[in-house]
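Have a look at the structure below, then the notes.
Letters A, B, C and D name the chains as they come in the text, with residue numbers starting at 1 for each one.
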């Protein structure tokens, strides 16, 4: 499978013939489908699909695929859609505060070729992790955030994302809330929340979990929306705890959860396997 | 281990020598400890322990154990404590509405000797499950509940619990909230809530979970307190779900969770392995 | 979705255009696809798919679907395939020995409408569970098995399966090994093995697991083949154990695993979600 | 809890009064027990315990504890026992081949203070990971291994372990089998095996698992014994896989399992929570 591939993520009102219509679009241009997965949300009346095919032998020039698909398929079906090429490498920016576990884990996976991405830019509201960025060859920019300067700092951060051509921001324990305005201007942001959302939304979830005496804790990776901790969930996982675990143990166990769950979510996103609709996701396995 | 055993559950302010003091109490009367587990909650400054020993050869007469322990150990230590004998079989009352899965599961386990209990009494606010009660030789009492009659019905239910010498009430999908007054009068009530508390407290948790788009659902067994869905948690477990799962699938998957989690909690309670303090539990494994 | 549906399970050598070809077959006859999932095993060079569509409005008469699909699609593609109609209810025969937990669980799910099946026949090499069969309205046939009579008893059992028009045999803790000859004559047999295969194949897996000191035990549901414990795996699950668990605890915990795993496997099979190829399965989620 | 602590791990033939005897030993010298956990293996007739107490205020001089315990308690009880002091930091040597994920994970945790240890020495049969050792300030020694030189190389490795005062060797994907002679001379070696032992012992477990078509894969951390892959198990964990996962996916998913399971096992060992007896372990939670 060294051939580059194209991937379409499509959602549209459900109707007869959608699988055939989209598969025919690929096949009629001599494309070889290597992954196709479909889902119908009957309650919402929506058809959602991911289809990936090899570009070798595909008889539409690459630059014509989007416009042809739009005209002949997407517009008639009233579809939302994205088109991705496997040889266009997504550019990530990782945002951190002081904790390094998620950052290190993401950078190690990048180096181990688990991610189909480049990570040119790390942003932080603390200077602590600059050395890690350097070790992995990423630029590090430090933006101290206060109540007063958040809006101006976000403007500069947005500028930097533009300058680095960033496709996805990953909040890897960035302990700041982004403004609604920022999220509107740069909507592709993945966050890791250190609880099994919607349980323990908000601050200090491990302290909340300890106080409540739960027997299981979790972590949740989700897209960021203006509504804090309420964005579409990409991935969650849990770990058992007991009365023996103090808050520091929850934090320690949680760190392992956080990096696993965040890494899985980032990988799914980079493989274009996550389709958001409303405040839900379809994750094509 | 055919010898009957005694089990002490003790919690008291932490201080030096508690393990030795309690173990000596057993040993000095020639008891053979077969299980001893201790926990210190450093934040609360509390020592909590479960200790179980064989009564064969124990040189205190059974009826003197409680008073001797109280005078010589518990009172000086300002301890809360319970004493249980393994040949006193706890009597359960299971309360249900219309769903049979938890009831059947508990009755099977009773029959399969997984529980150290008898189940003489089943109470329901619907007549539907009477036949199951009869199959398993339990009396079935039907108490239709309305807003207007709840208090008077609860009075009759309490009377029945007394009459049957019930030690524990298990709410096995009993879709009614008990009044604070009832809980005060009969405090040993185990409930199964069909969510991963504190997420989705309240009504229709599977619908809430579907709406939120979570990737994992759970169930929680807890002691009932006056504060709805906030009682001390005994056991929780979870299962993965995906976009393929509709509400009916969450309900179906959840039923398996509910009966497993409730059965584990009941078994732990019957083995005197759960020690409640504040709104938390220590579960001695 | 009250319309009856048809489901095709297809595997064939991989080539360009397969998704389109099969989807077009449905669409060209005005079928409405409600589930389509595909998988390519690149190592084996195989394309595998499950496709389900509503029969209402489908313009091929039901009795012509198989022959038309065979001639126009399957034969040219050199495909293996099965066709199922949702209003043809599969008939199960459950085989047991003395343990009742899997049998009770399956019968309860049948009654709770979790299974799309009927269960007219229960076969056992012990008479113990006849009463349960009667409670659930299934016929019970007792075939004591010895080394000497196994072949003749199997002949009678096969005769009975024929007489009851049985589609699937479920070995629900049937503690006998079927002969290779039986499996050849009646190949659709699901078994539950009480270990995390291939660990602890053979007899007394819980005793083996205890002896080895593992920290996790499992159960495995698989199709039966002539090669004992080596058939294609449908589903597995595990549970944590500790040094506190004696063999009897492993057996007790294992019983819960066994009934869950077996029930999931049976449900997947009944939904025609399992496609066997070689000694592997694709389970379409 | 800034006071240093002492921890005793004891196993001895079961008899009356053991909890009291050991607790009294601590209490009579004015020790404050902060953790005590006991287990009786009834089948083996063994009592096993872990007891940890604060040294502040303990009225035996530290250097007299072992000899006093031996004379007054251990010898009369015919006990095996170990004594550890929390301010004696265990020294680890990590052994690797070419894969870095377990090594990095262990070093991160060391840096993040999750481990109560120092890691002065890394040994490898390949030169690849020297840079990582340097980054974390550990010495790196390269010992190429062939069939012919293994014995002489092991002699040098043993010499090095002695020179660095190493307490524990951790095989973090060291793809060499140690000789029985080495294990006898240096018995405290923890290994991570990339399967759910005893399934897929031996070479290439992920390839074996793929071939068998299992739905779950695992990893196992165990103490190394002369009998390959058969040593006492400390910790295991598993992850779900599906037909979508090729061997490379099993390897990738397995890497996360391996580092988690190995890290947990190392931490448990460093906290003196693992007591080996026969080919089993008690893990005091």
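The rule is short, and it goes like this: a contact is a pair of C-beta atoms (placed from the backbone, for glycine too) under 8 Å apart; a residue touches a chain by one contact, two chains touch by 3 or more.
Labels paired with UniProt names: A, B, C, D = Formyltetrahydrofolate deformylase.
These figures come from a predicted structure and were not determined experimentally.
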For the homomeric pair chain A and chain B, should the interface be classed as same or different, according to whether the shared residue numbers exceed half of all numbers used?
same
Going by average Cα coordinates, which chain is farthest removed from chain A?
B
Express in whole angstrom the distance between the two chain centres, defined as the mean CA positions of chain A and chain C.
37
Intercentroid distance (Cα basis), chain B paired with chain A, Å
42
Among all residues of chain A, which ones touch two or more of the remaining chains?
42, 242, 244, 285
Touching chain B in the complex, chain C uses residues 100-101, 104, 108, 112, 114, 135, 242, 244, 252, 256, 260, 285
In their complex, what parts of chain B are in touch with chain A?
39, 41-43, 196-200, 212-216, 218, 232-238, 242-244, 246, 279-283, 285
Which stretch or stretches of chain D touch chain B in the complex?
1, 16-21, 23-24, 26-28, 30-38, 40, 42, 285
